[in-house]
Every structure is written in structure tokens, then in C-alpha cells.
């Protein structure tokens, strides 16, 4: 077959399924943190120099550049530093819309964590609001992020001194 | 407690990153592929300096200038490089059995096309003359795989 | 910088949700060809090529600059690939500027792109990774809390975000390359769904396919023309860590420091008075007010007032994003370069129907990561 | 030749390359390397005024993998910073260039990547153009084999020469405690390993491994205070070639040749074999021979000593492989190379690369003396 030119109409797309298997490593800091959730404990790491507490635990403080060698436990209660009300779903999570995603500074921690806020009307959420973790029931926790179901307005007062040595 | 004092069982997880992409081809790649599908014809493109490049990109990779005219080339040529894949990797390589990647300088082209030799795997070497084995009409989809593989031609 | 560097050519593609008419290389070449044409140059005149884009997961090609070497005329030339999250387009151009400033290169091509339609942006930017809780829904989910914090701190009225979008779209309508060019009203924006309260759909940037390119040259070559160049007075990139106790994400320190260094090097003491226009990286409308304060144009709590007064509107005292900005056009990797390129076009006097009259000094700005990466330059019509 | 600013390597640290570190993430590994490097030159974090990192998202298995490296680098207060999606050796180049532009005086250059988390062969396939090459499934080992076949056909080099080059690397590598592979192997042993992609055998290929690396550069005036034996940059240049495999003569590395010519000229040298040692980022012996050909080195000569570290055949942590070559030149010339010290070494040639078949090459020339006075 001889043609004077290739067809005028191009093939528009080349389809390609990228398929890449990964075998991720959590690292000891994250592993210890996740496993402690099973015991309803939230761990942080304390900077050797500034004594500030990072949750989840990290290997070093970016501020002082010193190692954070010591593991400590922080409270499962804290306060909302800021938040937003979300009306679009998160890939990989089945959440009823709208929901509140908040930065929560746990008692004893110096870094806020991201948290889901439930059991209250979205319009009642405010900065500074006290919240507490709602855990999966005993026996169901697996030592992963889903062990904390969400946070809700605090119904008890945070007890004791935070952070605590472990 | 200090982390360094603890014995930590590693925590790992396997997870596949998978996503279907659709790469737009544009007028040059797209028409080259359309010709494979509709014409069973391999087209090259002339670039500055007169060389005919196959497959065409729409530009000269040597100096960035735009390609000029379409030039048809033969679907046979000479093998200039051979890599025999003795241990194919699943879901990466196209066949579970050994095969070869070849660079084929097609007649009429100044660059070589990357493709595979499967059937004649044992005998292909640099200097071998090979010809494209096309998928039959109706099965070609406008892809580099419209050429099933390259087969050895009898020595001239 | 050891020796003067100028922008001598600017090119960009038309931006759209899907540029399915071109390949990745075709898109990049559209911007590069225009920049070369603009500078009256050919590939052979270029000494090195600096390429930037955001995560490779957007297009599904790993380190695509390797595939693009031939497309951008970089064969047998030095080529580097930059990636600094959302700020990448700007940090890429600054990397190119360093090349010329070093004295080792005289003319450098820099190009940044994104072809988001090849894949899925939401997925590519926040895939579900192990050991972390999937909670943040896209960039909006990350940044909305800080918009809320800004509003709380400054008592900004809620129409400021929508008003910013109204101005942006007015500007986009004048920019032939912009992706979104339909004017909107405050009411229309207010009627769009609330995605991440306080950010409405109508206050977010689009996802675009597009590319931007510039040619940077040394003094001697820049003066040869054919066009009046934009002189780079100062350029810096700064980044800060995420996990810093009490880190302020409403007004990040890296942004303040970067702006301070750029102003100092450019001899600017009062940016509000001495800068004629600024192209700021505003992916969600509230960020314009936040950046006005972060970058020292306005005192803390005063940024939204400048917007409310109309100062930042086209024709106002300090027009912001006269091109329409990221709110009208967002090919992620290219967005930062567009800010720097648009700033250059302004001081070259070649911004067409979105030209700010008499603009002599302009700021180009971009940010990325969790408000961690900052890249800025000040360009001037005078050496 | 232009008068340039004298810049020196004043510290280099790496973690020993391992197949897989299951206790640390990429950036946790990086923190340790950065600390070590700073301690080497007794610098405080605030003494360093620029930082630049090399990594790649697909190798990391996540977008923005480099952002968390900001934590490990101690990015507070905010730092002048850049990230390249390239091997750390290219980051070192840009830091050097910034010093030439007068924009910084000291720089942390780092590279990281947890290669064991992903699959480098699949990632290198994704580097190819998505229309013609990538769909065929070709990966960097297969493309290297194409190159090897072309080189062997052109030059008549045979399997045994490849085995000898591999064996020489293995012999050197056994003396390097940072290597992943430290077992000596003879040419005969290596030549009897099976083909993975013919003509490349299992024994000719680099192992998959990971590390984190940190190199510190400083300008004259600061370098001498940070290091008793700083190693000075005499010349450097890098060049990229087009990607399409069939549009290149893979049996030659035109880019490496040009880069070395430019780097040598900056260094004031006529020929590459005037150096005492060379560290080449070749991931198989055929690639090393193509490279030697381009650089004007004899792969079987006793001087310059090639890959005293053992080279990538003994440790190839992607993204760091090139930076380690530069680090090794520092260790050799600064008298920190232990058992593998090349006696009397004063000048080194260093190579780095990325892409398929030596697509992008960088060549450095370093020496124990300042280049410009």
C-alpha cells in the first residue's frame, strides 16, 4: 500500500496504565506512634534541646536541629487552633458531608495534628474549642490511624500533667 | 523512654500506585500512529539537515527545529542493537518468555526504531535483516504495538 | 547577583482544561517557540535550558525533562530540572537567572509546564499513602483553615474573597492566554457551593494545561534587542520546615524573609509605593489579602482593606495579578513562571490589554508546599 | 578561561549503603547524614547559607517526597533552598554555580531516596517517552544492554573484558565499608553468572540499595576554616543528550565527551588521564567502557585508578550515586579514604549521570590545590 501522506485524523491518545508496586517503610518513630494507638496512647517525641513535643514523633526538631530522642505521651484532648468545613470527599475515605477538618493542638504537644471533628453541628465549631478523641472500642483497635475515629467537643476535663514520660 | 533503647519491629506496607493515563499525541505522533493503524505504513519525518527520523516527534531532537515533510519508509531494515531479555519482569516487559529489544534502522530512515523480536529471538543479532510483522486489519489500534514484532528476513 | 540579568523573551501557551490537541512536548514547544520568537533567537543561540514542573504523577512520566531534552533544543547542552512544589515555575526561572549571573552562561532558556489533563490532579497531589491519615481533601482542604484564621485575625468581611475573584476575572478577560475569561459578580461567586468553608468553588483556581517560557540574557546581549528587556533587580528562593512550633501559616516567615531580601537587593524600602504592580500566586482568593500583608505591601490586618478600596484592581493604586493570575489560569508547574513572566511583560511595557500603565517596577511571586516554598523576583524597566 | 571563584568540598557524609533500611524513612536517614557532615566540618546549622536537595517523586513513591526533607535539613529559620529532581551531583553543580554568581558562600547539598520501597526498573521505564518507548516496557537495564551490544559490535570488546572491568570494581569495592556489596569476585566468576539482559550478566549489574548523602561546599576564605584539607573544584560541566535511543550512537557518549572537554579546559588540563583517580557513575561495565572511551581513559590501565570506591557496581543508591562519586573524590584527596587510599593522589575526575544510556552526564575535576590564585 502506498499513500501520499499519513491519515489527516490523528490517533488522539496513547493510554497507559502506570502500575508501580511500592513496599513502604513507616520508620521506627511512626511505627511506635501507630502501635501505641492500640493502647489509646498518643505519643510524641521531645526535642533534646528545646524540650518541645512533636506529635506524631519525629527524629529531629527542624527548629533546633537537635534530635528528639525521648518519647512521651500527650493527652487525647486538646483545642482546635483552626479548621475548615469540607463539602467534598477525601479519596479513600467514606465521610458524611459536610465534615469539619481541624488542626488540634493536643495537651502536652507543641505541634497540632489534623483531625476530623464530629458529634456537633458544623456551625458550632470554633477556634479554641476543646475537643477529645473518640477511640474505636477496646478489642477493635489495630494500631493504625483509624483507631481514633474522630474528635468531639470535650465532655470531660483533661486530667494530669502533659506530656508524660513513658 | 528513648527510641534508641527500644527494639522496634519494622512496620512496612505494600501498596500499588496505579493510574490510567491518557497521553494526548498531537498532530505528529497522532498521525504516525494513525498510519500504523489505517495504512500499515511507517512514516518518518524529515528534519533540518535532511535526515529522516523514525519515529517522528514533530521536531529534530538534535537541534530543536520543527520537522518538515512526511517521508514513507519501508517496514524492513537492519538491526543495529540487540538486548536479549532472558529474565522478563512481569507487568513490565511485554512477554513472559525471553525476547529481544532491537533497534532497527528501517530502509529510508536515518534513525533506528525501538521494537521487539520474539519468534526469532534465538537468531537475531546485530546486522540481521528484519521485517515488521503487523497485527491484522481490524486489530490495529493506533499504537506502537500495531507492529506485533520484527521477524528475521532470509539473508540476502 | 554578580552581573546583570535580563528577560529578553517571553512565551506562553493558551491555557485550557484540556490541551488534548498537543503532546506534552508539543505543549512545551508552543511556549518555547513563542519565547524564542519574542527574543528574535533560535535554539542555537541558547547556552543552557532549565526546566521545571510539579509532581511527575500529574502526567505519569518520570523525570519527563529527560524525554523533553530534544523538544526544547537542549541536546548537548546543560539541562537542569527543578521541582519545588507550587513555587516551581518561579524557582525554575530564578535558577536560570543564576546561570547568567554566574558569568558562565550568556543566554538561558527556561520553561515550566503542566499537562494536568493527562491524569487526575486530585489523585496525583494527594494519593492515599500508608501510615498517614487521609483527611485533607486537596489543596483547598489544606489551606482553607488558614484562610479562616486570617479572617478571624483581621475581622475581614466575607465579601473580600469573592471580590478578589471578581477583580481577577476582570483581568483574565483582558488576557488572551488566560484559561478563565468570563467576568463574574460577587453575588455569583457567593452563590457557588462552599467546598472548604470559607472557600467557595467560585474562589478557587482552575486546573489547566499550559506552559510558560522565558529567555534570560546577560547585559551585553540584552542590550542588543530586539526588544526592551526587563532587568532582574533581585531574585531569591526561601523555604521553611513544616513542623515548627507556633509556625504561622497565615503569614509564613519564609515569605516575609524572601520578600525582605528581594526588596533589599532591589533597593526597595516601601514596596507599596515603589512597586507598580505585582503578580502574586493566589490559588484561593483569600490569599491575595494574606500575601499583601506577608509581602509587606500592607500592615497586618490591612491587606483586605486595600482590596476593599479597589486599590488592587486593574487601574487601582497597586494592581495585583493584572494577568488574571492563578485564579484564572493554573497549570501548576507553570503558574509560578507565569507570575514572573507577567511581571517582566509589565515592565517591558508589553502586557497588551492588561498592561498597567507606566509600570516600571514589578514583583513576581510564587509559593508552594504547605506555604513553605517561596520564590520571588523584582524586575525593572531600568538596568 | 574565565577566572572563577575557588570553591571547595569541606565535608561529605553518607550512611552505609544497604539493600533496605526498615527502621528509617528516607528523610530520617537524611537527618543522620546531614548531622554527620556538619560535625565533620564543625559547622553549626546556621553557618550554612544555602541548601539544595536531589530526589525524585516516582522513586519516593509519593508526590512532593522532598518536602519532608526540609525538616531533616533544619529549615528554620527559613533557608535559601532549592530542590532538583536529579541526582545530588547536579545539585552540587547548582550550588557551585550560585557561589560563582556571588549568591552564597556555603551550601548543604543532599540527596535521598528509599530505592528499596519502589522498583527502579519500572520507574526507569516511565522515564521514556510515553508514545513510542515506554509502551514497549523497556527499562534502564534493557536499554543499557542495547548500548552494550552496540559498543561491543563497534569495538570488538568481548564478554571477558566486561567481566574484567566488573571484577576490578569489585576488588576495589571490597575495601570500602560504605558499600552494599563487599565481596571480591573474579572475572571468571562474574562471567559465569547468567544473563539478565544479554549482553549484561547478573554479575555486571549494580545492586538495588539505598542511603542518604550530604556534601558541604564552601568558598575560599571559609573552606580553609571548615576543613584542614579542603578539596577544590577545578572544573565542571554537564551535558544532556536527546532521549530517543535509535537517534543516538549509543556506542559513544558524545555528551560525556563534551562535558569532560569543558571541565578539563576549566581545570587547565589537556587530558583526563592527567588525574590520579576517576570515580565514574557507570552502572555496568559496558557503560563504564563507553564512558572511558568518551573521557579518554583506559579501563585497564593502573593509573588513573578507576573507581577506587568500587563504583556503582558495589553500591548504587539512585539519586545519591553521583554525589557519592564526588564525596569519594573528597575522601581520597582529603586523606579520608582509609584502606582504599590512592597513594599520592592530588587530582580526581568525577562523573555523574542520569537518564538512559548516559543521556545526561556531568564531569568534575577536583584537586588538593586551589585552582585560581
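Labels for the chains are A, B, C and D, by order of writing; each one numbers its residues from 1.
By definition in this document, a residue touches a chain if its C-beta (ideal position, glycine included) is under 8 Å from a C-beta of that chain, and two chains touch if they have at least 3 such contacts.
The structure presented is a predicted model; accordingly, all values stated were derived computationally and were not measured.
Engineer: Walk from chain B over to chain D along touching chains and report the minimum step count.
Structural biologist: Minimum step count, chain B to chain D: 1.
Engineer: Using mean CA coordinates as chain centres, what's the gap between chain A and chain C in Å?
Structural biologist: Comparing mean C-alpha positions, chain C is 30 Å from chain A.
Engineer: Using CA atom averages as chain centres, what separation in Å is found between chain C and chain D?
Structural biologist: About 33 Å separates the centre of chain C from that of chain D.
Engineer: Which integer distance in Å separates the CA centroid of chain B from that of chain C?
Structural biologist: Chain B and chain C have C-alpha centres separated by 37 Å.
Engineer: On a C-alpha centroid basis, what's the spacing between chain A and chain B, in Å?
Structural biologist: A distance of 44 Å separates the two centres.
Engineer: Which chain A residues reach two or more other chains?
Structural biologist: 12-14, 16, 18-30, 34, 58, 62-63
Engineer: So which stretches of chain B touch two or more other chains?
Structural biologist: As it turns out, chain B has residues touching two or more other chains at 8, 10-13, 15, 17, 19, 21-27, 29, 33, 57, 61-62, 143.
Engineer: Counting only residues that touch at least 2 other chains, which ones in chain D make the list?
Structural biologist: Answer for chain D, listing residues that touch two or more other chains: 22-23, 58, 61, 70-71, 73-76, 122-123, 126, 129-131, 134-135, 242-244, 247.
Engineer: Treating touching as the only link between chains, describe the layout with one word: line, ring, star, complete or other.
Structural biologist: Chain contacts: complete, every pair touches.
Engineer: Show which residues of chain A lie in contact with chain C when the two form their complex.
Structural biologist: 12-13, 16, 18, 24, 26, 30, 34, 50, 52, 54, 58, 61-63, 81-93, 98, 101-103, 110-111, 114-116, 122, 127, 145-146
Engineer: Taking the complex as given, what residues does chain C use to touch chain B?
Structural biologist: Residues of chain C touching chain B: 18-26, 29, 32, 42-44, 57, 59-60, 69-75, 115, 117-120, 123-124, 127, 129-131.
Engineer: Any idea which chain D residues touch chain A in the complex?
Structural biologist: My answer: residues 20-25, 28, 31, 35, 45, 58, 61, 70-76, 114, 116-119, 122-123, 126, 130-131, 134-135.
Engineer: For the complex, give me every residue of chain B touching chain A.
Structural biologist: Touch residues, chain B against chain A: 1-4, 6, 8-27, 29-35, 37-41, 43, 70, 72, 91, 141-143.
Engineer: Quick check on the complex: what are the chain A residues that touch chain B?
Structural biologist: Residues of chain A touching chain B: 1-3, 5-32, 34-35, 45, 57, 69-71, 165-166.
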